[in-house]
């Protein structure tokens, strides 16, 4: 078996690192990478500890390790996961009519740089309107959404996500807003790309807002979806300089580049178990 | 006489460039640099034309050229200026208790990279509290401000600005808000540095706001002061990446670097007549 | 007829701008954008003047304007072009086995952001080995190259370029080095992407060189092809931060993103007549 | 006693993290931050392990912990240090005639963001020529260097470094090249700022080289000094965009900003024990 990734978050107290690394050493596991963070700011509470460990399990099985680790985890009150590093995350991509992010994700999957397995592409528009590229044998689902059909459409999508065992939903410029219920259902496993440098320019037509305000830099933001639109925990952001000579259309063009690389990076970070939730913020353990 | 800088803004129509460059050529002036911009977006009106020309006046005097150009300018409805390139702009710097931007501006003046002449440093705090560096023979003025004395303090500052013939007022982390009257009085010649990437995190303690929101990039914004605080036309912005491990104090430290370089660049651009107002936005002709 | 783009370069002397803009005004043309640059450094000679003007020809024809302008151009010793803005440049893309740049260029063509018309894709490898995406009805040409067949292969490519009226050749990670003759033949109309921040790490396997040297930032460079490999005039460069934790393979992955956006930007700049040669350097008039 | 910082490097083998963190836990120490890196590339040998741990020693003394840890360190063949986090590193700054980096380091010391104690400023020029700012009570030493006196001058400097217990020597645009002997003497504790993005433009007048080559981005590099000039292990680098319109003098001006922030960051990283040597490269544990 290849390497495993352990992630955990718990109230801070002395000895966590020693216990976790000792646990692994006793079982012959070899640590390949380890990162930790102690949030002393304490989001309205005590300190909180976060850790990500990649290790070679040697002869141990994931099941055995998980069973053993559960005891330790319980003692420290940990939220934790232990998953195989080499297993691509089952992912659904949702799009509307802009397909630049989808195209980019598909390409990166093909080159092997994104450890995801795209189990479905979903759009609120028919395939011809939604995507203009080859998607091979990836199933496409047209789930139209109107104010009247929204509850049913969301239920249909939840069913799809369940049937495909999706671990991640990527809103790749999907232009429909999730209901509170839907947001809660996919909390912590649904990533959206917003085409502005949040918290600036929430809502619709952010590039036009940015042009009207006369900013000198634009950006894009990948964040977890929450019921509060454009307010979810931020995973990754990037920016580009613009000038007075850039029209709103230029911003849209430049923005496409930022959007696709920010979203792809956020998906990569998530799929490699590098993103841990910390209240309304994230801890991101980069390589 | 050294080179002159002509800047102009007017409603767009055919032939402006030909007329302006022809005007200069007929008088033996040699264009050293010229930039123009046609704002076709039309901020709620017709197209607007902007131009900056640096030229060697040959034997002509600035007074003669100005008198002649006035006729042409009138014909096109131009807002315009024609000034000597080598004349440092008379500048007042206002500070409160953070002096990193002041120190930086002083140093850049000394190296000759900022074409300004600092005619006064003003603080609402006593000198010992406001600045901790040598300021040589630059006059320091302590103008305290309380809610009760604010009108009188602002009047005192206007008098100082008039007496020193100040062309530019730089709020180098000056923590007092100008009244509407004061903002209007210094409209277009007062630059503020806001320690966030506007329009995100307006108001007080922006680094703490940024930390609380969990953004992954912070920035600073230099803008003209208007009555609407943190809403003036933006001149320059820059950013830096941060991570979950950065505390609010780290953001303050990293922010100091961004603030000082953004403010210094805005002052340089202004002093070189590279910044033209375009409604609530700016046209910035870089080199 | 839509806008025309005039570009010119000539020895500097007073009055060029006035004459050029006067020429256009007299013929009823309306200048939409104009940029100029006077290289006072004088690459081993006198000053040199560069200009790019976009204008609406009103009722004039391109042929008429060109005929008239030739006289003025001759008087000033100008190298010049006058072309339609809306005409896509006929372009050949050459690849070997990495297709990330090709895929990116194809996508940008489809979105309309790159004003090029891809008239052929050429590879030294068979199609199956060279590209793994749909190329629609773009002709693919397999031109194998061995030391023995190189002259013939290059002649075959020159014939193809002539038959397709190619105005631009893009080496999109094409791994064969042009002969001196071939480089000279395509001088000024062949763009290569080198996967390093030149002049660092010339030659083969630059990411491995960068890793071995322990640099903290990597980059990519788009440049005109000359007989001196990796020494042609630079059009565009960009960079990304890396850390000690990045393996050579990580650099390759991160590099792909830099390469494709640097090459695409260089192609856009060229196709919009924004790149003028200045000895072994370039003048790039951005929007 | 405040927190201690432990850094270590050794051949990799299973259990190092568990042993180190267990060692600390057994003694009641609380880990505040820990980072590790396993260099699997193996610079011409086996894997190498690097670690930095910040911990609260609780009641233990540094001396006691050091004595105990020596046994463990010996077992694993570790290069290691254990120092107080709150102790400023004793630092000598060397300058010639450019003082922008010195000024910046002095300012950052004053704001408390650089944990160094400047014990001497040394120049090969007299004080009036070398620095134009207040240095308070920091001793200034003029050590002239000519080809003939170089060995004596270097010996004089070594004596000064010994007498001041200097832990760090910063070459803040010091224009003399260390002899091989001097470089070896200060190996691993002498940081230089080179005003180019190494490995491009080694040697003299790099901004003029960069201008002549026509690059579109310039940079600066902070590196450890070795006998091979401009080839020492790189600690930090940064860059800025430039255009064809930037003269060599513009590059010098823009470069000053890059140089001072790159050098200050390298000094901060070193003083916080974040930089570990890895052959001719560095491991940099950022916060």
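Chains: A, B, C and D, in written order; residue numbering restarts at 1 for each.
Quick note on the criterion: contacts are C-beta pairs under 8 Å (C-beta built on N, C-alpha and C of every residue); 3 or more make two chains touch, one makes a residue touch a chain.
Computed from a predicted model, the values in this text were never measured in an experiment.
Path length between chain B and chain D in the touching-chain graph (shortest route): 1.
In this assembly, the chain whose C-alpha centre lies farthest from chain A is B. Work out the mean CA point of chain B and of chain C, and you get 37 Å between them. If you average the CA atoms of chain C and of chain D, the two centres end up 41 Å from each other.
Among the residues of chain A, those in touch with two or more other chains are 37, 243, 245, 286. The touching residues of chain A, when paired with chain B in their complex, are 37, 39-41, 197-201, 211, 213-217, 219, 233-239, 243-245, 247-248, 278, 280-284, 286. Those residues of chain C that touch chain B in the shared complex are 14-15, 17-19, 21-22, 24-25, 28-38. Listing the residues of chain B that touch chain D in their complex gives 100, 103, 107, 110-111, 113, 132-134, 243, 245-246, 250, 253, 256-257, 261, 286-287.
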